Amino acid sequence: MNALTAIGEALVLIGTFFYFLSALGLIRMPDVYNRMQTSTKSATLGSLGVMAGVGIWALGTDFGSAAWLTKSLVIATFLLLTNPISAHALIRAAYKSGIPLWEGSVVDKYREHLEAGKKEEVEAPKETPEEGGEE
Amino acid sequence: MISVYYFGAISLILIGLYAVLVKKNLLKMLIGLSIMETGVNLLLVSVGYVAGRSAPILSEGIGPNQAVDPIPQALVLTAIVIGVATTAMALSVAMLLYEKYGTLNVEEIRRLRG
Amino acid sequence: MNGQYASLLIALPLIGAFFVPLIKGAGKKAVKYYLIAITAVQTGIAAWVFQQVYSTGKPIIVMAGAWRPPVGINLYIGHFAALFILIVAAVSFMMAVFSLRAIEVEPIDKYAMLFLLLMLGATGMIATGDIFNLFVFMEITAISAYALTAYNKTGEAAEASMKYIILGGIGSSFFLIGIALIYGSLGTLNMAQIAQLAGNMNATVAQVGLALVIFGLAVEAELFPLNAWAPDAYQAAPHPITAMFSAFVVKAGLYAMARLLYLMQAVESWGSVLKLLIIMATLTVFVAEFAALRQRNVKRMIAYSSIAQIGLIALAFALGTQSGVDAGVFHMVNHAIVKALLFLAVGHVAVTLGGAEMERFEGLGKRMPLTAFAITIGAIAAVGIPLFNVFWSKLRILLATLGAGYTWAAAVVLIASVVEAVYYFRLVHLMWFAGEGERISEGLAVSLILLFLAALVVVIGVYPDYAWSIAQKAGSDIFNVAQYIENVPLMGVGA
Amino acid sequence: MLKRALAIITLLIIGYWLAQGLAGVPFGEDKMLVGQYYLDHVKEQTGAVNAVTAVVVNYRGFDTLGEVTVLFIASTGVGALLWRRRKERTARTEGSIVLTTGTRLLVPFVMLFGAYIFIHGHLTPGGGFPGGATIATAFLLLYMAFVQYEIPHKAFEKVEGAVGVSYVLVGLIGLAIGGYFLYDWIWQDWGFGTENIGRLLSGGFIPIIYTIIGLKVGTELSGIIDNMLKEEVSE
Amino acid sequence: MGEASKISRYLYTVIVLFLIWLAITASLDPQELGFGLLLSLIVAAFTYEIFTTSGLANLHPKRIAYMLAYIPYFLWAMIKANLDVAYRVLHPKRPIRPGIVKCRTVLNSDVGKLSLANSITLTPGTITLDVDGDEYFIHWIWVPEEAMTENEEEHVKVASENITVPFEKFLKVIFG
Amino acid sequence: MINEILLILFAPLVAGVIAWALDVKGVREAIGIIGAAIPLAVLAKLYSQVLDEAINYSITVSGFTLQLQLNPMSWYFAVIASLVGLAMALGMAVTSRNSYDWLFALMSYTGVLGVFLSQDFVSFFLLWELMTFASFMMVLRRNRHESLKYFVLSVIGAYAMLIAIGMLYAKTGALDFATIRQALYMDAAMGTITTREMAMIFGLFLVAFGVKAGSVPLHVWAPGAYSETDQSYTAFFSGALSKAGAYGFLLLYILMGYKLYAAFGTFNNHLVFAYIIAWLGAITVVVAGFLAVLQEDIRKLFAYSSISQVGYILLAFGLGSTLGFAGGLFHVLSHAVFKGLFWLVTAAIILQTGKTQFKDMGGLAEKMPFTFAMGLIAVLSLAGIPPTAGFASKWLIYEAAIQAHMPLVAGAIFLGSGIAFAYVVRFLYAVWFGQRPSDLEDVKEAPLPLLIGMAILAIPNLVFGIAPGLVTDYINKMLGGEIVGGDYYRLVTQTGTYNALLVTIVLTIGLAIAGLIYIYGARARKVPVTNTYQSGNPVTEEYNLSIRKNFYRPLAEALEFWLKYSWDRFYERLASMAEDFADSLRESFYNGNVQSYSWYLAVVLLILALWGVL
Amino acid sequence: MIGINVYLVLIAIATLLSMYRVFRGPTTVDRLVAVDIMTTITAGLMVLFALYYKRMIFLDVALVYAILAFGGVIAFARYMEGGL
């Protein structure tokens, strides 16, 4: 047990805790939009923690090497870049496939934006999503 | 007592088969098939596992007697690719079917019978 | 010449298929002729291998990468494989020729590739000496068959293909579970070594493993009630492909089933597996013949007939006796010829007249006399009339069945055969003694092939000795497991 | 409902049966026979560190050739089934700038990483198939982000065919040089890379074959994606 | 902002790829370096056109410095976001007041917009739902009272100040 | 030197193929006749040689040794077949102008010869099938429905035989007659083959041979098949081909008589298995006889008559005594010559008039005097009136039945003869005598080849009728004992004597007188619209019943209860049930739903699992 | 490696909760989001395993997995919004 492994362990612990939080958010939030609010951030931070933690931790072991750190940071960076993109893609999919906002929602500027766009195009609104309803 | 891996593998196989036997939607049946394949692959890998041993890549200090059986892993690699290929075929056939029949309900896809 | 060159049997169709995208720019016709050329060369290689194996009496063991089994995968081209690979190649060649006339649906280049790979898959299934490699080749065969079944891109074609995919998928998954069990128990995938060690296997593992492996292959081998995909696939597939399905694709599955069955005969529950198979095979014959009875579509009718004949072969294989296996192999050969003939002829009619419904066969004797003649020969042979080839093998199967004490199975088979006789009778009568019509040109190439196959039917029927002696050799290749183990140069790994 | 109940009962019995069979193959026990042989000899016989790769490419080369073939069949089959006289992409919704820009940034990296995976097949997990799949993912992302994007499918088809041919040719060269199909002459005869075990330039013909497979899988999967995403348009 | 020359773009791509290669192999073995360079050259040849428009200009020291500075800033924002998440998730009453708001950005470059969008997504209570030109539509888990106004300009101003502006000062320099 | 057996066997087939291939009118007929004559000639040449020593030929095909043998028994049957075969060829030269007919007629000829010559079950079965197939093709061309019936029953028979052969093979390991016979003989003592298995083998052979012999209830194919083909061919079909079935029954005795005895024992001092055969024969005689009487179509009448007459042969064989065999064997000959003759006569009538119904005929004796004379001989022989071969054989059978103490069976013989008399009388009158319909005024005598064919068959009827000892002498040699005593003209059994010569002389005188009376009577009773039944009264529409039409309707009404039960209808219903079964089977199993199909797989897995778990 | 059990328990709970969302839905996007979270967690798990087994090579596996999973999620998301 040295400083590096200790830091690593702590980071990993934090990371896994955020994983847990992320999943909890999936359960506790009322609709898909709010679920994403809570889960994407935590999952990303959790990953960051785990990856960095493992990289640092490995440095403190007999088998570890710098490669551990660089590789895990590559993975962390990749996730940092892609997780928000997929979150964005998913929330957009949710909205475009017609899933309504939670009933407690206070404002929807995007609807106004889309309707303004539609008025110009004069096209029938696509109300029913292709696979939105489910069961 | 059966190992969790075996249990998981068998469960996946059965869940997949259940979907094939019960779901009316062709896509769901195909998903069932994929789940079955996954279960079988898991089973294969589990069969090759040797307790206390590591992946059969003889680097980073792993010697011939510290590695698990490489064969099942090689087989699974093949099986996965075959599964992907089957799924791709199945999906394109399903697309064709949907185009021609306008449905993916198996009970309505019965022009060939008897 | 080095026996290892038999690996060309695998290499050539592969190269042939991979090369197609590079020449597809030359046009549809060119691709078709290319297909004919490749299958012709393949037939030549197969003939060379056949000659080698039968003249030396020793199997060719192809060892990929120079690894001796069980370390490497080996191909075992013994008497059976040599014979059947030749049949695979020859039938493929004929169907390639038939494709010239029969295939108009685009994209022809894809058709040619899938065609070659279907041939490759069956060849590999027959040749391989490794149980997992068998799975791989089985999937090659199956997936190209799925694609080819749907090739016509009609609703029916897609439907048939989908059924094939789902049932084949379940079958192959369980086959793989069986492999996992066998491998887990023995630590090897080499068939010869499995046979060597099968006796020491844990009884439960052996039972479940064998049952699953046989189950998986039985789906491909069209045993009742696992064969529900087959009539649809036969009906919907392009005509040359249907002929290939019947002539060798199913048979490859059937062979694999028999091979594994006999390799694992040291397993305790072997006898009960045989009994189960006998029941399934007999039911296959019975149900398929009755299902064919009132078919309105001739192609489908012959498909059912084909399934029934396959059941008969399975029955012969499941008897567990040398005479049964010999008879089964003999019937495989005969059936391959007859069904190639029938599907070719019926396909030819369907291509020329625009469909395979019963009504179109009215007066065929006047419209397409040669084709009608070929169908008649095929029908007569299929029914098992003496002096046509199928008679001899059917007789052998019956004798073997009765010899093994399964009188009831023989009786059921024969009752079903009466039904078969009736529907073929109706077809023949319809062609020759009903309807009128103008003479239609029948095409030289197809006519020649039809004549060749019909001649083969009669020649074997009149002079079955040669074919029978080959079938016996091929049969003992399957039955004589000790010889098989001895022939494979196993290196002393583990055992 | 009855159907579901019956299905569950049936499946439970089948499951119990499978479990019984598996009980004879105890989990975690050393049951290796041929497998141990591979582990003991893989380095000297193939020059690969990754025993799985050696099994896949060398010892069980036929399987892998078959595997490549299966994927080729799928790509060809999908192409055959979804073939139309004129096809175009008909997506309705454009990808947002987030997705398109993200894709631009990611694609080179993903491709590079795919190549990394397949040329390191003899050293690390992975190889031609995951490498190829990774490359195909790059194309998938392009398709997802840009609704008008198309791969140059004619060229891809040719590449697919040509690398397939070269795989078999590698096998045939082995047949010509060493007398056996798929014989690894680079390692067995030339002894190339004997000093380098564990480094990149080793493993006999494994890197060559994995490069071939990687390109093949990449082009094939991309081809499948291409075929599935386009629809017929009237002329 | 005009496009950089092909050479510049290509070289930039090669350099980035090779750096990534170094990171994933983490090896100075000449064999690895050689192949890494080779592969970077090949991959870059196929992809430089989509990868970058500004080419080597991206490697301007000022940009790199700002980028380095941005990392801790952003990480801190992200950690705050997650504490916020923890609060909302663990709070028994689930305190949320969601809605979709509109912001404007001053960023011009695509990469800049992407970075902004991602940053928004990963920070407190916001996810980028769509980007159209310079308008960002953002799902906000706790829309403040001030933003719930009928006045469009007012709304955008409030939202932007809360969401986009904090990142823009860095991103404007880094990506333009 | 060509092997004689092969020459006998393949001459007709080769001739048929050549005739078919050449297809030149005239040449075709000539080749066919030559091909048909060769077997008879060679057989005649080999007569004495065969009695000394059997001639063998064997060849190995597909691992099976095919053995053919010419011995006294096979010679006898072969000669009968070739005699009828030649007559058939002569008839066909006139009645059939079709190379298709020639091919298959001669092919079936080869098949029949082969069945008689075979000494092992493979060649027996092969040639049996060749014979069946060829005769089927002859029917197929004319009538789909009837040929289908024939086909199905033949196939059933063939497959039954195949199983029986297979079981024998499984039990004895042999397929040749000699070994099987030996093995079964030995087994009679050891009893390794159970009674149940023996019963099955016997039953299957019974079906196989019963179909071909047309024994009730497997006869339903015969009326249609016999009438729906070229009538010259029917001469062979009914005269020779159906004997293959009778020969099969004989074979049962030879191969397994002792074992069957050991397996089933006796009943009333009579072999149980033989009893069954005898009763099959007796029932066939009576039932088919009655049905023959009721026919309105000349071809149908003789078809049923054929069935009935073959019943005699079975009945005789079923008596189980050597005398019974002698009678049966003699009747094989008699029936062949008189029924062959009948069909040629029928062929001539149909050829010259184009009619087949009794109602359309009459007064043809004047127009076709030679044919009439031939018909008369056939009638006498069939009805069992001395001095014809038919009488001699029936007399022997009757004697054998009495000796066997089977009075009921003997009664069947009597009843059968009475019925036969009833229908031949009708034939005689309705066709040859009475008022000639106006459209038959231009009818000519049949062409020469046909007449020669008739003569070839008529002569043995008379010769062997007057000198039955010629036949019994040979039969004695064949069966190896003095079974029927006497000389050429006199048959002597334990219970009776028949002096054919004496009877002939008496009858000739009587016939001469009758002839004179008839000639006068015919001239005296010439009325405008007449028929014999109503004694010259005009035919009224209300009761439209004459010798030419509905002559035996009263009988039909009397038998109404029994006629309700038609085997024909029974089979038809069975067939349609089978087809319905087939439909529902495939509709329910192959229901098109892939999910159901998946369930089939799951169920098989379930079965495997249960089998493994339990 | 004292804490490994703690991590595994946390990850297991997280996975189970996500699984619940996958099966429960109610919308397809809900399931997708849950799958996305699961893939992220799985990648982390792989990295942890690399450490546990002391095999750096597993990190490559994690990265490949992350790439493929990202591609898959994006594809599904685009399918849901009609972008294919």
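Note that the chains are named A, B, C, D, E, F and G in the order they appear, and that numbering of residues resets to 1 at the start of each chain.
Following the convention adopted for this analysis, contacts are C-beta pairs under 8 Å (C-beta built on N, C-alpha and C of every residue); 3 or more make two chains touch, one makes a residue touch a chain.
Each chain and its UniProt protein: A = Monovalent cation/H+ antiporter 1 subunit G; B = Monovalent cation/H+ antiporter 1 subunit C; C = NADH dehydrogenase subunit N; D = Monovalent cation/H+ antiporter 1 subunit B; E = Monovalent cation/H+ antiporter 1 subunit E; F = NADH dehydrogenase subunit M; G = Monovalent cation/H+ antiporter 1 subunit F.
All values derive from a computational prediction rather than experimental measurement.
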| item | value |
| --- | --- |
| Shared interface partners, meaning chains that touch chain F (NADH dehydrogenase subunit M) and chain G | B, D |
| Per Cα centroids, the chain farthest from chain F (NADH dehydrogenase subunit M) | E |
| Between D-G and A-G, the pair joined by more C-beta contacts | A-G |
| Centre-to-centre distance between chain D and chain C (NADH dehydrogenase subunit N) (centres being mean Cα positions), rounded to whole Å | 30 |
| Chain A-chain F (NADH dehydrogenase subunit M) separation of Cα centroids, rounded to whole Å | 92 |
| Where chain D and chain F (NADH dehydrogenase subunit M) are represented by their mean Cα positions, the distance between them in whole Å | 73 |
| Cα-centroid distance, chain B relative to chain E, in whole angstrom | 38 |
| Interface hub residues of chain F (NADH dehydrogenase subunit M), defined as touching at least two other chains | 583, 586, 590, 594, 598, 602-603, 605, 608, 612 |
| Multi-chain contact sites of chain A, meaning residues that touch two or more partners | 24, 36, 40, 44, 63, 65, 67-68, 71, 74, 78, 81-85, 87-89, 92, 95-96 |
| Residue numbers of chain D (touch at least two other chains) | 7, 10-11, 14, 17-18, 20-23, 25, 31-32, 34-36, 38, 60, 63, 66-67, 70, 73-74, 77-78, 81, 93, 96, 98-99, 102, 105, 109, 113, 123-125 |
| Pairwise chain contacts under the document criterion | A-D, A-E, A-G, B-C, B-D, B-F, B-G, C-D, C-F, D-E, D-F, D-G |
| Contact footprint of chain E on chain D as seen in their complex | 96-98, 100-105, 107-109, 111-113, 115-116, 119, 142, 196, 199-201 |
| Touch list for chain F (NADH dehydrogenase subunit M) against partner chain B, complex | 583, 586-587, 590-595, 598-599, 602 |
| Sites on chain D touched by chain F (NADH dehydrogenase subunit M) in the complex | 7, 10-11, 13-14, 16-18, 20-21 |
| Touch list for chain D against partner chain C (NADH dehydrogenase subunit N), complex | 17-18, 20-25, 31-38, 58-63, 65-67, 69-70, 72-74, 76-81, 83, 85, 157-158, 160-162, 164-165, 167-169, 171-172, 174-175, 178-184, 188 |
| Chain G-facing residues of chain D, complex | 91-95, 99, 110, 113, 117, 120, 123-126, 130, 133-134, 137, 140-141, 144, 147, 229 |
